[in-house]
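One structure below.
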Amino acid sequence: MANVRLHAIRKSFGTNTVIDDVSLDIASGEFVSLLGASGCGKTTLLRIVAGLESVNSGSVEIDGRVVTDLPPEQRDIAMMFQSYALLPHLSVAENVRFPLRMRRIGARQEQQDKVKAALDTVQLGHLAERRPEQLSGGQQQRVALARAIVSRPKVLLLDEPLSNLDARLREDMQVELMDIHKRLGLTTIFVTHDQEEALSLSNRIILFNGGRIEQQGTPAEIYAQPGSAFASSFLGAANLIPATIAHAPAAVAVLADGQRLALARGSTVIGPTTLALRQEDLSLGVAGGAGLQARVRARVYLGSRNRYVLQLAGMEIKVLAANDQVFADGDTVTLSIDPGRVRCLSR
Amino acid sequence: MNDRAENLLLALPGLGLLVLAYFLPIGQMLSLSLSGREGPSLEHYTRFLSDPFYLGVLWRTVRLSLVITLICALLGFPFAYIMARVGPRLRMWLVVAVILPLMTSVVVRTFGWMVLLSRNGLVSQFVRDLGWAERNFQLMHTESAIVIGMVQVLLPFMTLSILGVITRIDPRLEEAARTMGGSFLSTLRSVVLPLSLPGIVAGSLLVFTLSASSFVTPSLMGGARIQVLAGSVYKSVTQTLEWPFAAAQAVILFVGVLLVLVPYVKMNTPKHG
Amino acid sequence: MVKAIPTPVRILATVLVVLTVLVLLAPLAVVVGVSFSHSEFIAFPPQGWSLRWYQEVLGSGTYLASAVTSLKIAVLVTLAATLAGGAAAVALHRGKLPFSGLMATFFLSPLVLPTIIFAIGMLMFWSKVFGQISVLTLWLSHTVVAMPYVIRTTLAVLAESDPFLEEAAGTMGAGRLQRLWFVVLPQCIPGLGAGAFFAFNISFDEAVLSLFLRKPDMTTLPVQIYGQLEFSPDPSVAAVSAIMIAFTVLMILVIDKILGLQRFARS
């Protein structure tokens, strides 16, 4: 576990400036996501921390030690590659043992114990003797993860590790990643272009745009208060509503005023949470329908759409609605939303 | 050590070998070819290029190479196409049939032809039986023998070159042409042939250079009286011991080969990194 | 496709394939046939049936001596070509050499340049600089011609390898040497293996270099055969040649086991 400090990093490939004066402090044990579109520099920054790219100027410190000019093997890191990069000629167990061998951590028996523990953590203990080509994509990804945590690196670097998985596997892996982070507390830098992923996993999100940091903050901060046109178009503005999640028996969110909102089936979150409901995901209907009941406070005409300000559960929320139905101030309306579009922010 | 240094170190043994056994020897050959009786001169080149005998040797070499290349292309293209389109098992055997001759020594192969084309050989007998020649005829020690022997040696090169290109042609292009009304043969002509051209050209360039510089087969098949350029060089080196003259001939051969190879290399340059 | 190939074309195609395969393999079949001949004259079809020529060859001092010479040189060449060629292939694959494209061309050029150029050049160069031709000279020349085969097969294998493996190994704590040993070398092995077999075969069969760079006491097997062919061959030549062919077939089988020949159907 260690902190990471990046100071005034500049990186160009030829005439193309990929990272333009980026400084960043990551606290020990923090889970930070580097979020942005393709080509914005986030992967390059990760590789700079890994030592796979040099910098034109600036410095990298890990745990107080300046590592800017050190090759990857001399930095106490571990990296998970998007394509997993498993060594094809070694078994799963030997793959996971590799960093322990290279970094000379422990005697052979101790190494094998650590390998077993790491594989158990990702639930692949039974596949230890297989070759990578015999595993499915999801299993390979887990091996890569086990290999990354087995040496308990000071910094764990993840380069879009979930982007090759299908949606369901991805969700499962997200939960596992959160779990592992909770247990091991490794300082983690996670690169992704998927904002929902960043929102679910991180303590802090660093939003990248054109080689610079556009905005940084907790998921809730970023999601609710995008600081710029770019940020808001990337993330989408939302209403944040405190609620408690119960399973009675299906997952349902109970608001402060007792109203209930159905959640997506299979959701495993429980307890107090913050719901994030996007303005454009909410639909308005006549009062008394199925959904939450709210009162119209104001309406803003936007041409093709109306923005309504509503009172719900003691809070003001905003909704973007089409022009076909118009509601007057003081009207009660029914708010509905696709349960799949309801986000629960737990951090 | 950085990346560049590491790579240079890895390439060093190979480079060293190339310098010692490739570049320096060719340099020496070049310099020897220019060494006259009183200092550097072009006398050996002039001797070669002004003597009708040697010009005849040169012309024969070029002429035969063209014929060999043409035959290889005419045989190689349909053969490669068939190889590309048959099932995997048959293709496997055809690949073996093509590679096996490549991997046997040229002396062994040429010996086989000597048996077949000599006076009592099956092929000479066949030609006589057909009435195409008289009683004592043998195919050995003729230019035809050289061509036959060389075609067998070089056909695999042509075939593999074209095969490589044809396997990359999308078979759906041929299917599309057929649905547009083209017959099998016209599709072959209008779709497959143009797309195979790079392979045919590359193969032809390679076969031409290899046949123009070939030594063992033409010498054994053609005998002492029918000389090609490489044979003349051998004679100058081992029999008449005129090394500078031999060097000049070798340089002429080398330059000719390079001229043909430059477009070949351009077509085939591997892209790395 | 319905009636993809019209029947007359099919017939023609079959005829073409049969004829071509015949042309390709006939000389080899003939050699093997003659080797079993009983008579002293070379004729095909062979007259009589006997193994006497094989016995003669295997008992002959000269054939055995030249076979041993060929074998010695082939082993040395295989070692040198595999080591130097394998290392060069790694460097070329990474593409970070100065004049990377030119380098690749130089390393692979012996594949297309006429061997006689190397032969003459080496003879003239070595005589001038080092004096007497020796096994060393032949070894070096053979290696120059064999090395590109190793480079080509190794590059083919490396081209299909995962480009991130070395980086991953670095992030796992492996230094330069360790990356080469634990990651790059295992990846190269199929290519090196096939290349080594090609190199051995090339050297063993090689005739042109060996003809120019020979000494009375240093003859390789192909040169021995060539000498016999120039003068008065008897079927013992056929027996030697048949043994060489059998050897080659063995090589092909082994290479196919390791790599699969399909890979090299594209040049």
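Read from first to last, the chains carry the letters A, B and C; within each, the first residue is number 1.
Everything below uses one rule, namely that a contact is a pair of C-beta atoms (placed from the backbone, for glycine too) under 8 Å apart; a residue touches a chain by one contact, two chains touch by 3 or more.
Values in this document were obtained by computation on a predicted structure and should not be read as measured data.
Trainee: Among all the other chains, which ones are in touch with both subunit B and subunit C?
Mentor: Both subunit B and subunit C are touched by no common chain, going by the contact rule given at the top.
Trainee: With centres defined by CA atoms only, which chain is the most remote from subunit A?
Mentor: B
Trainee: Write out the two chains that share the greatest number of C-beta pairs in contact.
Mentor: B-C
Trainee: Could you tell me which chain's Cα centre is nearest to the average position of every protein Cα atom shown?
Mentor: Per-chain C-alpha centroids ranked by distance to the global centroid put C first.
Trainee: Averaged over CA atoms, how far is the centre of subunit B from the centre of subunit C? Could you give it in whole Å?
Mentor: Distance between chain centres, rounded to whole Å: 16 Å.
Trainee: Please work out the Cα centroid separation of subunit A and subunit B, and write it as a whole number of Å.
Mentor: Distance between chain centres, rounded to whole Å: 61 Å.
Trainee: With centres defined as the mean C-alpha position, give me the subunit A-subunit C separation in Å.
Mentor: 56
Trainee: Which residues of subunit C touch subunit A in the complex?
Mentor: 162, 164-165, 167-175, 178, 182-183, 186-187
Trainee: In their complex, what parts of subunit A are in touch with subunit C?
Mentor: 50-52, 71-73, 77-79, 81, 83, 85, 87-89, 98-99, 102-103, 147, 151, 157
Trainee: Of all residues in subunit B, which touch subunit C in the complex?
Mentor: Touch residues, subunit B against subunit C: 1, 3-4, 6-8, 10-11, 13-15, 17-18, 20-22, 24-29, 32, 75, 78-79, 82, 92, 94-101, 103-116, 118, 120-122, 151-152, 155-156, 160-161, 163-164, 167, 175, 178, 183-185, 206, 209-210, 212-216, 220, 230, 233-234, 237-238, 243, 246-247, 250, 253-254, 257, 261, 264-265, 268-273.
Trainee: Going by the contact rule set out above, which residues of subunit C touch subunit B in the complex?
Mentor: It is residues 1, 4-6, 9, 13, 16-17, 20-21, 23-31, 34, 42-45, 80, 83-85, 87-88, 90-98, 100-101, 103-110, 112-118, 120-126, 128-129, 140-141, 143-144, 147, 151, 155, 176, 201, 204-208, 211-212, 222, 225-226, 229-230, 233, 237-238, 241, 244-245, 248-249, 251-252, 261-262, 264-267 of subunit C that touch subunit B.
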